[in-house]
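Paired with chain B in one complex and with chain C in the other, chain A is shared by the two complexes that follow.
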Partner chain A sequence: MDLKAQTFTLEGVAASLLILIATYTVFQSTVILAPTWSEFENVQLKQLGYDILRIMDNQNGENSSIGGMLKNLTCNNGICSPPMEFSDNLTKILNAINSFARLEILCVENGEIRTFILDGFEKAPTPNAVRVSRFVIVENAPCVNAKVVEVRLTLWR
Partner chain B sequence: MEMNEKGQMILLFAAAVVVVVLSLSYVYAQNIIAGIESSRFMLAFPKEEIRNLCELSQQNPSQEVVSELKILCAKNGWVCNVGLGGKVEFKNVEVDYDAEDCRR
Partner chain C sequence: MLISTHAQIKMMEEGKLSLDLLIGLSIFLFTFIFIASFLPGVFADVRNEINLAHQAYRISALLVEDLGFDSSWDTDITISNCQSQEFRPGLAIYDSNNGTIFNNLSVTKIRKFAELLNDPLCGERVRLFLGLNLSEFGGNKYKINVSLKNLEDELIKADGAILLNHGDSMSSGQVVKFERLVYLNQMADNCDIIAERCVAKLEVSVWI
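Our next item is the complex of A and B:
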């Protein structure tokens, strides 16, 4: 009787050890991929950036649109001044989403890429900034001697 | 003889429980990884860039526009091409998109 009980105890201990080891292995081998909050914030900010460029690339927007801005740029040593309406428009949008921005225009001239920085939006971005861009076909732009430009918006909070 | 059989049954059931626990844990981990990877891919998919190229293709871009566009895309690490009738090609490290008519 005693021997039987001791054997059951031993078997029970062995069984519990087996389950314990298996549970330990499961917890040790579980892959935890937890996206951080900043990752979601970056995705949201990037989408806001795309939306800003989309609404500002408006054929009927005149000087407050990207097309109007390109036609009325005044450039000096790589720094370009956009029309007041464009600057005001973009500043209001940025204030509404509590963000800062750097705006650049890239184009191809004689096979080389040139970059123009827009006056008023020339701040250096922080390391957690996001970058969005939009290609726009240009016609008769005084500063930009190209057929298509990339309007590059760097956003951060 | 009877005593040994009963003892083995306890271990046998423990082993069965272990197999079930490990299998469920494997399936659970696979589900989590698949969910995270698919949602990350959806977030990383360059839909706005492709939409932009699609809009450009509908503006009847000249050969000059296309060649400048290719250079600008290359600066961003993309391979782009647009043609008449909504033809759009966009490639980056994750996506290989090629549409004869992007409007469809």
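Our next item is the complex of A and C:
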């Protein structure tokens, strides 16, 4: 065992000073985080999602609007087939903004929330997907006696 | 000589600072302090660009979700009086029953916006009132380009003329673009008809 004094040597003083300066510098300087551009990408996609639901929710629209789609759904075992105009238009928008989508419809029936998936938009999303919702007033939608349904759009790139 | 000094240290078993230790330590400390003090400055160039994304989002929201100030700015403001009037462009339709209808753009407002941006002096006023000219407060002056395209990326035309593709000419540096989906209150020549609406894409590009 080394019984010689180590801290009182000049090396010991220099070493402790170095450690002190290093620790002080690390904790004192402001840490600048570079912007995470993936956050902005999410903002863009989410805003586009809201825009899509807003545009397609036309009370005067027919089969290609959300209201018209809900009236003309054929549902079977949790999967609903929308009218072709709606699918085509939504696919056109998705191709233009270069993203994939999953569309679900939620409504309350007999006190329970039921979820329906739209045929053609049933792909599973990736972990970095964004989700937007819009409540649409409709009569007798996929759920019996429902007045309001939630249209849930999940978008990812 | 250095070797013999080193040998002396080894034999004497005492801590002594050698010359190469001093030189090495001072070089190291000098570099360390240099990096520690100049590292924040490395991001100084990038800091300006951090704000571009916010400006693009803000301008797109102002144009798409607000009717502008005052409510009849599209008829009140002209090329001749833009220098003396205060106004803020906004393209959304206002309905007396439903208020401002988001994402529903008025073609007359778009035309007026394009006309004002085309004029050099009125364009400066537009940028000032959109909050893009912060030079009075010691900030940056942002350049902007706004365009309306259809879903196939072609510029929207109404009556044969391009509706909106105005602003500064695109730069080759870092440009941030924000897109919004909108529908016009009148039919245009080449917009996409979705849910009985004339749908288009508004792109706002901002750079320094």
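We adopt the following convention: the second predicted complex is superposed on the first by the 117 of 157 C-alpha atoms of A that agree within 3 Å, B and C clash if a C-alpha of one lies under 4 Å from a C-alpha of the other, contacts with A are read in each partner's own complex, and residues count from 1 in each chain.
In this text, a residue touches a chain if its C-beta (ideal position, glycine included) is under 8 Å from a C-beta of that chain, and two chains touch if they have at least 3 such contacts.
Note that the structure is a prediction, hence the values are computed from the model and not measured.
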Partner chain(s) touched by A:93 [first = chain B, second = chain C, both, neither]: second
Chain B versus chain C as contact partner of A:14, first or second or both or neither: both
Partner chain(s) touched by A:123 [first = chain B, second = chain C, both, neither]: neither
First (chain B), second (chain C), both or neither touched by A:135: first
Touched partner set for A:43, first chain B, second chain C, both or neither: both
First (chain B), second (chain C), both or neither touched by A:4: both
Touching partner for A:65 - first (chain B), second (chain C), both, neither: second
Touching partner for A:22 - first (chain B), second (chain C), both, neither: both
Touched partner set for A:56, first chain B, second chain C, both or neither: second
Residues of chain A contacting chain B in one complex and chain C in the other: 4, 10-12, 14, 18, 22, 25, 29-30, 35, 43, 54
Contacting residues of chain A [partner chain B, same complex]: 3-4, 7-8, 10-12, 14-16, 18-19, 22-23, 25-26, 29-31, 33, 35, 43, 50, 54, 106-108, 111, 113, 132-135, 137, 146-150
Interface residues, chain A side, partner chain C - complex: 4, 6, 9-12, 14, 18, 21-22, 25, 29-30, 32, 34-35, 37, 40, 43-44, 47-48, 51-52, 54-58, 60-62, 64-66, 68, 89, 92-93, 95-97
In the complex, chain C residues that touch chain A: 13-17, 21, 25, 29, 32-33, 36, 39-40, 43, 46, 50, 53, 57, 102-103, 151-153, 176, 178-183, 192, 194-197, 199, 201
Sites on chain B touched by chain A in the complex: 3-4, 6-8, 10-11, 13-15, 17-18, 21-22, 25, 29, 32-33, 36, 40, 43, 48, 52-53, 56, 59, 61-62, 64-65, 68-69, 71-72, 75-76
